[in-house]
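In this document, chain identifiers A, B, C and D correspond to the written order of the chains, with residue numbering beginning at 1 in each.
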Amino acid sequence: MKRKRMRSDIAWSAPDRITVKNRDLCNDILGKLSLGDMAFLELTDRTPTAQESAVFNAIAVTLVEHGLTPSALATRLTYAGAPEAMQAAVAAGLCGLGSVFVGSMETAARMLQEALPQPDPGIDLQPIARRLVAECRARQEIIGGIGHTLHKPVDPRAPRLFEIARANGLHGPYCRLMTLIAEEAQHAYGKSLPVNATGAIGAIACELGLPWRIVRGVGVMARAIGLVGHILEEMRDPLAYEMKARTEDEATQHLRSGARG
Amino acid sequence: MKRKRMRSDIAWSAPDRITVKNRDLCNDILGKLSLGDMAFLELTDRTPTAQESAVFNAIAVTLVEHGLTPSALATRLTYAGAPEAMQAAVAAGLCGLGSVFVGSMETAARMLQEALPQPDPGIDLQPIARRLVAECRARQEIIGGIGHTLHKPVDPRAPRLFEIARANGLHGPYCRLMTLIAEEAQHAYGKSLPVNATGAIGAIACELGLPWRIVRGVGVMARAIGLVGHILEEMRDPLAYEMKARTEDEATQHLRSGARG
Amino acid sequence: MKRKRMRSDIAWSAPDRITVKNRDLCNDILGKLSLGDMAFLELTDRTPTAQESAVFNAIAVTLVEHGLTPSALATRLTYAGAPEAMQAAVAAGLCGLGSVFVGSMETAARMLQEALPQPDPGIDLQPIARRLVAECRARQEIIGGIGHTLHKPVDPRAPRLFEIARANGLHGPYCRLMTLIAEEAQHAYGKSLPVNATGAIGAIACELGLPWRIVRGVGVMARAIGLVGHILEEMRDPLAYEMKARTEDEATQHLRSGARG
Amino acid sequence: MKRKRMRSDIAWSAPDRITVKNRDLCNDILGKLSLGDMAFLELTDRTPTAQESAVFNAIAVTLVEHGLTPSALATRLTYAGAPEAMQAAVAAGLCGLGSVFVGSMETAARMLQEALPQPDPGIDLQPIARRLVAECRARQEIIGGIGHTLHKPVDPRAPRLFEIARANGLHGPYCRLMTLIAEEAQHAYGKSLPVNATGAIGAIACELGLPWRIVRGVGVMARAIGLVGHILEEMRDPLAYEMKARTEDEATQHLRSGARG
């Protein structure tokens, strides 16, 4: 009962060669592509130009490490229970990269791509920005990619990423539209709501031609790198048990004292 | 009840700056470090030299993509059930990177580091290789990092990776010892057992100073990149359901026909 | 910097006793509560009546095993790569219990609870059902919990679960509303769309007082049991590698034959 | 290229019926088997006797809830980041059920089954216990299933579980051997090392005929239930963010104060 041909164009192996994305792994990739460029190849089926490489690596690097996030703590707690299965500790940390954190990158990229499916160089972006902000307000939705609870007045990563994009000729209509959306939102809500890191990354991902549905994946792959770093620190200077002990102690104190009374 | 100070040196954020590994993310890292070099920084607390960068990126790139592995299929099946949670699909794929696959890299690196805790340049590696092979034989253990079921007579990635290491001045005692182990094993077992990709990666990781306990992590972070690539292909040209339907159909045929009888 | 008291009422341990949900584990729970009743206690903070126990166990049991689902295959593939970490194989399988599969249970329960926040015994359910179906049609949304691609004309689990609910005095307004929705949908769409297993489970979960946000959790806990069963079969009679080999072989055939030409 | 027949005996579905373990799900299982008995069926291919049911449910129930474990905290942190993917939060928590926690159950069951592959009723268990303890001491291995850091002088779950086993005629040679091992260890190490919960569960799992390789699975399935309970509490009274904020604040204080100086 074959209903459909199964097909994958990614890779295959023969005894004497491995082919990845139509390239010979040993001769055309190893020693020639960096890890970031290999990631770009996975996402676009082509190697990046020098400019694309600079910009793609910058957005991916931004997403590697955010310190002791819930995700990093989940990885460390998991490692504490199963040090023989480090891969499962990284997996546990990745599981939390959902709507609350990396999701806003996807939301921003989706909004931009749906508003500009074919970015025409002569298009007037201002009315599009105004409409998007008005629509979000009407639906009482949060606009993805602007404002930040900690980084005030401005998330320093956003202007830096836009600067790198500009220096590489990749600050195009999606980046401009994202900036206009932030300006319109400031007018509409009467408070400063500058583009944040996820907004800049979402916009730059659009410039690089990544479909919005895979944009979250850049965050997932980058964070996997950071989570391995947290495991290494947890091996050397663990904090998971101490955090667990203190949390348990405080959170169940009312039960214990009741029992003693 | 504080028993221990919790401490992390990895990163922290102030409103106007993010510090990662004692560097200012915006000014010292973004636009300056590639994704692979950022991974090296996570693992070693320093930026790589140009030579270390070339070699580290090469081993990481080798691990990104192995085609339709059990891990990639687990990711695709998971994505089919929860397309709204791509991060969980990558996590599912990573969960299988255990003893059977990436584990051999760790085994090889451990063997090499335990045999050469302080690699003295004048050390005679031959007797060490002989002893290691003899010990593995006596314990009836498989020697990690040599031989391959598909890549015969030789895994083409291993000589290529050693070549890149040599070109960058990083083919040192661990690489030589790994090669000697393969030669001794050939003598001992009477069949060709050349160094394979995981053996070369394990040895090169030792040259780069990575502790063996974290070596598996290089495979985990690299494969996360490849798994995002599989999700992208699964979005566009899915195979998970077809694979599932055929497997179910064949595997339960005896139950169905019994029921009809 | 304490912003908020952390508190958990679930469990605590003293040297001589363990307290779970305000009960002494050894004297009040072990030997007195079955696994299903313990699950009910976790979800409702009380032990079930005999009737609730019968009904809750029935819906949970329904969700344990669906054969070679994508989820079960992800578990088996993961186990093949990391047999030393069975817990990660179960985790991989659970990761796929998203919107496509168990999600419909949650959708049905949410629809019912939002339509009937306080189920008044005298309420006329017919117009509510009509309105819900009309609203779903207007939004072009699929109505959760009705129809089935395989189980035709009727999913046999749904009438059986409603029968068990009725026999235990728990076939109330949510079950009736679910049935009326199916009837209205049949009128509206002109085809048979009877309540399916997830619709019946969603409705019964409402009768038991479970908040819709946790209803998916009944599927997750139940399926964890089934996935352990798949690991046991995979240990004894593996199919993961064979499935992988065949899939890879077919899916990359076009690459291989091109290479040979 | 078919190398091997794929086969699964667990379940299959026809339009009008679902068959699980050779039973009709609707008529033979639903309303007849409780969740715990369904789990027993998954693990043994048969329904339990009343005695087996009582004992199996007791060991499974013991494993459901241990309060704010690292595993429960990983689930809560993951839920905080991806509340739309509850299944991934449970998965994250399960990933940590490795060698440190549930592993000791597996170690105890393995030791018992390897020592008593065919439990002969007339066998003298004392010398076996003595040998096992002597061997562990010689290898400087920890003996699984005895002693406890918190529950002193005795883990109250162990005698309670043995009591339930005895009341149901299932306190056989494995339970006796486990107890003798604890007594021998007390002699050998000169301190009280009574059977703990994992030792009792491991021994009882042997009495029930579960192969040691699947014993960890009882813990995995049971804990999945408890983790859903933690998600429900986290929905209502979250602690993940507060725990994260405090941990981050303390752990990076040295970095912040250095930066200010």
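By our rule, contacts are C-beta pairs under 8 Å (C-beta built on N, C-alpha and C of every residue); 3 or more make two chains touch, one makes a residue touch a chain.
This is a predicted model, so every value here is computed, not measured.
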For chain C, the least number of touch steps when starting out from chain B: 1
Of all the other chains, whose mean CA position lies farthest from chain C? B
Have a look at A-C versus A-D and report the one with more C-beta pairs in contact. A-D
Whole-Å separation of chain centres (CA-atom averages), chain A against chain B: 23
Centroid spacing, where centroids are CA-atom means, of chain A and chain C in whole angstrom: 30
Centroid spacing, where centroids are CA-atom means, of chain A and chain D in whole angstrom: 36
For chain D, give me the residues that contact two or more of the other chains. 6-9, 11-12, 67-68, 82, 84-85, 87-88, 91-92, 95-98, 239, 243, 246-248, 251-252
Which positions of chain C touch chain A when the two form their complex? 5-9, 11-12, 14, 19, 82, 84-85, 87-88, 91-92, 95, 247-248, 250-252, 254-256, 259
Give the list of chain A residues in touch with chain B in this complex. 1-4, 6-13, 15-18, 20-21, 25-27, 29-31, 33-39, 42-43, 53-54, 57-58, 60-62, 64-68, 85-88, 90-92, 94-98, 102, 150-152, 154, 156-157, 160-161, 163-164, 167, 211, 213-214, 216-218, 220-222, 224-226, 228-233, 235, 237, 239, 242-243, 245-246, 249
With touch defined as at the start, can you tell me which chain C residues reach chain B in the complex? 67-71, 73-74, 77-85, 88-89, 91-93, 95-101, 239-241, 243-244, 246-248, 251-252
